[in-house]
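Look for chain A in each of the two complexes below; its partner is chain B in the first and chain C in the second.
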Partner chain A sequence: MITTILIHWLLTLLFAPFFIGVITKVKAVIAGKIGPSLFQSYYDLARLSQKRSVYSSGVTWVFRLAPMIVLAAVLMVSLMIPIGIFKAPVQFAGDILVLVYLFALVRFFMIAGSLDTGFSMEGMGASREAFFSCLTEVTLFMNLLALGLLAHSISLSEMIGANYPVSWNLVGPSMLLIVASLFIVLLAENCRIPIDDPDTHLELTMIHEVMLLEHSGVDLAFMMYASAIKFLIFSSILVPIIIPVKSLDPFINLAIYLGGMTGLAVLVGCVETSMARLRLDRVRHLLLISFALAFFGLIVTWWRA
Partner chain B sequence: MSSVLQLPWQVPFGIFTLCIDPLNIIFLIAIAVLVICAGVYGIGYMRFYQGKKSLVSHVSFYCIFVLTLLVIVSANNVILFLSAWEVMTISTFFLIIFNDEQESVRKAGFIYLVASHCATFCLFLMFFLMAHTAGSMNFDLIAKTSFPPMIAVTVFLLSLAGFGVKAGFLPLHIWLPHAHPAAPSHISALLSGIAIKMGIYGICRILWILGVLPDWCAYLLLGIGVVSGVMGVLYALGQHELKKLLAYHSVENIGIIALGLGVGLLGRNYHNSLITVLGFGGALLHVVNHAIFKGLLFLGAGSVIQQTHTGQIDRLGGLAKTMPLTSSLFMVGSLSICGLPLFNGFISEFLIYFGLFQGLFMLPLQGAVFCSLGIIALALMGALALACFTKVYGIVFSGEPRFDLKGEDPGMLMIIPMLVLAGLCIWIGLVPQTMVILTFLAGTYMSRISYFAVDLNIVMVPLSMVIGMSFLFLSLILGLVLLRRFMVGRKDMPVREAWRCGFTRCSPKMQYTSSSFACTIVEFVKNLLLVRSHGEEIKGAFPNKISLGTSVHDASDENIFRPLVKAMFVWSKNIDAGRVRYTQMYLMYIFLFLIFLLAWKLT
Partner chain C sequence: MTTWIDASCILIVFFSLSILATYRIVGMIQIYALQSFVLSLMPLFLHAGNVSSRDIVLSLGTMVLKAGVVPFILFWAIRRISMRSEIKPIIGLGSSIVCGALLVAGAFWVSMSLRIPGKAAADLGLPCSLAVLLLGFMIMVTRTRAVTQVLGYLIIENGIFLFALSLFDSMPTLIEMGILLDIFVAVFIMAIVLNHINEEFEQGPDPEKQVKPREVF
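On to the complex of A and B.
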């Protein structure tokens, strides 16, 4: 048990930064630049982890402990996600609740940590994060509900491993709605354009990045690793639904998974380059669209299931 | 019900019998824990008033209050129950109006008294309807009667109205946000933790008595839960006063409890024992959990208010540095109330969610649709509660002091009760088996099925996985802390002024306030809340000094009850104007009534 968990964590930690690198590379290539190496995120993390942290005056234990809690919670969530051919070490009925509430815990400490610095810009980011996550969390839950109805289970591994070719045939429209909605949730939860811009640190319009402003050194490395793993988790949920192909050969399966993950990262990169960041009051419209998509997805699933 | 105490009591139809059964033991646990903690805290808290005010009446009413609480949950007789209920209402009134030199406090107490007595009217009707049908005033005998559907439904609706006021279902919750801030903090903790739970206890008892109810009653209860929960937390987000905010959160948590009861009732109607036990058990566990964490939060808020003499969130700030213990304990309460893993709120919400998910798969379409509605609402409540409590913790305890309001940790007499409550939050969060089994026993008792007839492994196995994951999570956090220490090595960790994007002259007053933090969400739902802004807009290149503020008002207070009361005033004035002021006239009325009574009795 312990070894499978450790192997799973190792795999997660190994793969996660790669896909962030893919997104950056795709963005650079489309913009006509060579761009940083695909492994740049690994270098960044290595460099940051060698640095010391500088704390701003007046922060309390909440700010200091937040990176550890955030990374630990995200790693716990990764245990419930199958990575390619490696089954999730932890699977039980109702693990989606633990997933959603661990993400909530992450958010709590992100927000509390950023308010701890007492700077209004971080407060702005925190306030937006709190608002947008209300919409995304509900949407995520509705999508999981629909998937659970299709798989007839409330365990994430069974939802992801469900027989989706049949579902695509039976309730294609509903699957399409769910995938579209989950994709928007993925963009929102991972702070990608058009909801949030992970590259600008000095804009008044950003959400997630502003909450990391005062973190530095090892703490920042932990935070960045956590967001990379979060992206891995969300794409690992989405990819097996979009590409419901399974073969008997585990290596082909692994190739399909990695190909799908890279493809999704490329897609996110394309979305990021092809559109601008939405104005803040428009973001909620986009999130409401994803909510509506999930809602109709759920209704169609009801109707056919 | 097994009777444990019987005393002679000379009241018609009244029998002084106290019983303990699996249902009321849950409430007794909650009462015992919170009454002791709040009492000890109260000793420290009321020291401030020593010599300024007589504390004798406060202490004696506290004792009466506690006594009546114990009698209410263990009474086996309608008359005994109602007497204790009335005495509790009145003793609570005197506890609330401790600071009776302030007009707002007197008003809050009055609102509480009026609301409670309107509710008691419904209870009288309900109990006498039941007693009339059953031919007995004892609960255990009433429970053996099978009620005709019409009467069962009437009793159920009356109990929702009567107990709903005490519990604080929307829109009957109007007394809560007035009474909680007015009372001393340890009394607010008891009001929110225990007194409103008496309403829940009453509904549980009625559900136990009425074995069969139509389906729509379950949907009604579920709907009440959803509306109270979501609206309660939205109102809470818009509040600027610490205790008022916590009061609205009680409405939210009562909503979660009602949601759980609704699920249980739904399961009972469809004869699905697993859903029943999960719904009732989850709701009852949330009763205990809410008593613990809300007690903790109110006591924490009390410490803040005692030290700084204000409960206005926007005036506070940076208290974590001078009140480290209080702030950490408040953090534990906040994490628990948001239902986050490792803490007790998560366990009860997990059970309710689990029941809803079981309903999704096992019930026919109609029930399943309501279950998915419940799931979505519960998720929304969770996210909003998180926004609300990060706001409270972040604004009150984090950052820098906005004004020159500083406090220190209160004395041990006030810290230890909070420590005990926080310890209980973590205990139920990490080792929930004892409480879960107790609540499941109560759940099976409420639905009158055998505990052993339910296949509880379906939920106990996932629960043990959750517990395992919690411990793994804790050790992982510890591991990461050690890893970090190792990575940092001997490097020094300088503390510098915050970077603040290069801003240099930041004043603490420029920090984000609670109104600005909540405004994104409050703006979004402004059609549901009564949001008012007062003050003027900034004009011109060199604006004058202006002030701008927003406040959220209670729609059920302003749009339902105020017009109602106003209409009643007008109506009674009209009656008064048309009345004939002769004594002889009144004598004739009495005479006519006597004749009517005689004639009625003769037939």
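On to the complex of A and C.
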């Protein structure tokens, strides 16, 4: 049990920054630049972890605790997600609730930490994050419910490991809705471009990045690692749904998984280069559309069930 | 083949929902054209893949008329009277989308007790056509511009067409009714161009002149 958990964490920590690197690389290549190396996020994390954190004199223990809790909670979530051929070490009926609430915990401590600094921009970012995550959380729940109806189980491992090659034929249309809606949730939760721009440091428009402004050194590394793992988690939920191919050979399965993950990262990079950031008051319309998609998907799933 | 029919039905409802979330008339017309294109492919998927010449004629006719001519006329009308492109919804886009989702749920709920003989219980054609109808009504009711009301009408018409297609074997007259409605819509659009209904039908107090609280983020 302990070894499987350790292997799972090792894999998560090993792969997570790579896909962020893929997105950055794709964006650079499409823009006609060479771009940073695929492993730049590893170098960044290594550099940051060698530095000391600097705290302003006004912050309390909440701000110091936030990065640790954020990383720890995200690592806990990663235990419920199958990674490639490795089954999720923690799986039980109803673990989707724990997953969603652990993400809520992450958000709570991020918001609390950023409010603790007393910096007005951080308060603005925190309020936006709280508002948009309200919408994505409902959507995520709807999608997981629909998947649960399809898989006749409320355990995440069985939902995304269920026998979908048959299902794509039978329930393909509702899967289409679920996949589209989950993709928007992935973009929103990971602060990707139509919703939030991960590269900008313009305080008036940014959502997620502004909450990291006051963090430094190891704390910042924790936060960045957490968001990389979050991307890995969301794409690990999405990839087995989109590519439900399973073979007997574990290496082919692993190759399919890694290929799918890289493909999804490339897709996110393409979306980021081909779209502009939405105006802030239109973001909620996109999120509501993803909610409507998920709701419709749930209805259709229930209709066909 | 049923997978393709279901996928088309769902795409058509999704396009109606996304018209509710669009804030520019040009975008609405483009989505309408896409919706009609998907709709026009549907006759080819009926009859379990046996495509007869009648299906092809119906499909081509729909494609040319609904995905080609009608959007073209609408674009031309907009250019001709140099209309502003913002829609003027009575309720906000966000609440429109939520209401739209509820209407879709309502359509499915109603269809539970509307069993058509000879159709499988899991058939998506009936609930989806009802959903498109209701969404079209909603677009007509909540958008005040003349062109958006025509678009709402066209979406209702697409819903009727979908409804007719799902019953295609038994009621071909409905299809003819649909084509007649198309002609009516063409006349309607012409009326807009000719009478220069640039803004709204009724001349009440201009909603733009009333001071509204701005949304603050």
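Here are a few things to note about the model shown:
Definition applied: the second predicted complex is superposed on the first by the 304 of 305 C-alpha atoms of A that agree within 3 Å, B and C clash if a C-alpha of one lies under 4 Å from a C-alpha of the other, contacts with A are read in each partner's own complex, and residues count from 1 in each chain.
The rule is short, and it goes like this: a contact is a pair of C-beta atoms (placed from the backbone, for glycine too) under 8 Å apart; a residue touches a chain by one contact, two chains touch by 3 or more.
If you're wondering where the values come from, they're calculated on a predicted model, not measured in any experiment.
By the touch criterion defined above, A:172 reaches chain C but does not reach chain B.
Judged by the touch definition given at the top, the superposed model places A:292 against chain C, while chain B stays out of reach. In the superposed model, A:141 lies in contact with chain B only, and not with chain C. In the superposition on chain A, contact is made by A:128 with both chain B and chain C. Note on chain A: of its two partners chain C and chain B, the one contacting more of its residues is B. Touch criterion not met for A:28: it reaches neither chain B nor chain C. When the two complexes are overlaid on their common chain A, residue A:284 makes contact with chain B and with chain C alike. Residues 128, 284 of chain A lie at the contact with chain B in one complex and at the contact with chain C in the other. Chain B meets chain A in the complex at residues 317-318, 320-321, 324, 327-328, 331, 335, 338-342, 346, 349-350, 353-354, 357, 360-361, 365, 368-369, 372, 375-376, 379-380, 382-384, 386-387, 389-391, 393-395, 397-400, 458, 461-462, 465-466, 469, 472-473, 476-477, 479-481, 484, 487-488, 491-501, 506, 508, 510-512, 516-521, 524. Chain A meets chain C in the complex at residues 128, 169, 172-174, 176-177, 280-282, 284-286, 288-289, 291-293, 295-296, 299-300, 303-304. Of all residues in chain C, those touching chain A in their complex are 3, 6-7, 9-10, 13-14, 17-18, 21, 23, 93-94, 97-98, 100-101, 104-105, 108, 122, 124, 127, 215, 217. Contact residues of chain A toward chain B in the complex are 5, 49-50, 52-58, 60-62, 65, 67-69, 71-73, 75-76, 79, 90, 92-95, 97-98, 100-102, 104-105, 107-108, 111-112, 115-124, 126-128, 130-131, 133-134, 137-138, 141-142, 145, 148-149, 152, 154, 202, 213-214, 217-219, 222, 284, 298, 302.
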